[in-house]
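The structure is given below, and queries will be raised subsequently.
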């Protein structure tokens, strides 16, 4: 975090807004995230956590404000000194730095596990088949699925599917990884393993990670920073230790009380 | 009875000539129908509205009018507009365009039924729009396209008989000539009905195989 | 040769085509009535407990559905020479033959539709009827069919449109329907463009309107169409 003064933050949201019709889901998000940070995003349902990640992944277009990745605007570009809406190529070039893991895995059901992981490296990154396969095998080994290379997604358990989805995202070697409630669709006994995997990923690299989660223990013990989302704004941006022991806002305290009593 | 059988065996080689043309019509029509189904089905989903409207117009016109009227129009009207066209060409074009207009709706429906998450995952992995369609969406959509496409192809096969009415010497035309020469209606038409039925069974078998092939791995719902 | 659309000709032939279009409509109405009844018959036969009845019925449906209407039309036309007095030109023998062929062909489709509708009635309904000691006939008329038919009305409607678009096949046996009329006009004057284009437009208009009506009907009926 010390060198973040010289380099621009890897992610910067400025006055970011998103509305669906009349429903204002994001109401001015301002935040910088330095490279390599592991950020947990918590907050009540419907507060806009997923929407924030989806805007960064370009799955939703913002209705106001700016998104910057490594100092470059995502949704606009400079042409003849003027800001104009970004071209597809511009978005695609920046999006290459980002990848996302979804709550419902979204594996490609018509491809075997190994092809789920090699498809994008081959056709998006331009790796050779052999390179892509080696890479895929190493990540699948990391997530503990070396024996499932030739299974179809339908033949895997939920936890295994999510591990494949994680390996698939890792194989893109993105600088930024977004995780949207990746354990919420899993049976309780499978959650721990996936969270361990997240920790391992955090330790093993300098990837920037944004993790939307309802697992408070994970947020407290394993992230560098916690953002508390409420009604489309960031109510609290804090150190994990402090937010759990001594939150600044009453809303945060209420939320944590309810959720911690549920998870106790 | 035996005499009838002998008669049928005697006319089989002639019928076979007609069947060859019927099969050419069917295959040509199916090929064009597939092309048109994808072109118009995807075009109808386009954000570019002139293209979308063009596809909607094509689909509605060809679904809304009769196949035989279309055939007559192509065969009798086009020459007046300066385009010479043989009966076979008119047959293939009309069969293909007609079936394609139905197929387009099948393609569109199947594409739309692929879960949104699949598009999102493809975007997250930074596939280009074309790659998304070709590598991720279409392979999944094909499975649900195949059974209704099979029905459409069988309708196409049945419609090949219409070409007899613009004097193309396909199976029905040949049969009609034999019947007019011999007046043996039951044997002649009975035989070609069975032949058509057999060809339809072949189409069904091919489609079943295709469905099995494309659904490997899909929807096994956790059963190992 | 420079060709030009001739509006005067259109005005001239339109009444003739409209008259012939009445035959087209009549063939559709009679043909489909026949198909509605024929399909029900086939469905009942297919549901028979005796395989010796149900299996041939099933095969018949498959066979009719997989073979060309035109060939069936010729078959009936030549095998069953129907001799009728000429009812003022409209209900000729050829017309009756055509209606029979259309009705038979589309019976195979309506039978499939009925079957889907009946299969859609939950098993519990049959059991409830049995528990109330209803007779078989009563079960059908007051429990099963009232639930089976409304959801499949849109599908039946779609086949009605399909049959309508198949009536030009009656040209092949010289029924004086609209395509036959257009062809005659065309060959008499050697001016096909207007006649065939008008026929196409007529079909298009009627189909589009009916399709729209069916979509409205779909919103009424409880279950989606097949």
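Each chain gets a letter, A, B and C, in the order it is written, and its residues are counted from 1.
Heads up, the rule we're going with is that a residue touches a chain if its C-beta (ideal position, glycine included) is under 8 Å from a C-beta of that chain, and two chains touch if they have at least 3 such contacts.
For clarity, every value in this text was computed on a predicted model and none was experimentally measured.
Taken chain by chain, the contacts run in an open path, each chain touching the next and the two ends left apart. Among the other chains, C has the CA centre that is most remote from the centre of chain A. A summary of chain positions shows that the Cα centroid lying nearest the centre of all protein Cα atoms is that of chain B. Note: centroid distance chain B to chain C, computed from Cα atoms, is 21 Å. Chain centres here are Cα means. That of chain A falls 46 Å from that of chain B. Centre-to-centre separation of chain A and chain C, using mean CA positions: 57 Å. Across the complex, chain A meets chain B through its residues 57-59, 88, 92, 95-96, 98-100, 102, 104, 106-112, 119-120, 123-124, 152-155, 157, 168-169, 172. Contacts from chain B toward chain C in the complex involve residues 60-61, 63-70, 72-73, 76-77, 80-82, 154, 157-162, 164-165, 172, 175-176, 179, 185-186, 189-190, 192-193, 196-197, 200-201. Those residues of chain C lying in contact with chain B across their complex are 1, 3, 63, 65-72, 74-75, 78-79, 165-169, 171-172, 179, 182-183, 186, 192-193, 196-197, 199-200, 203-204, 207-208, 211.
Within the complex formed with chain A, the chain B residues making contact are 115, 117-118, 120-121, 123-129, 131, 135-136, 139-140, 214, 216-222, 224.
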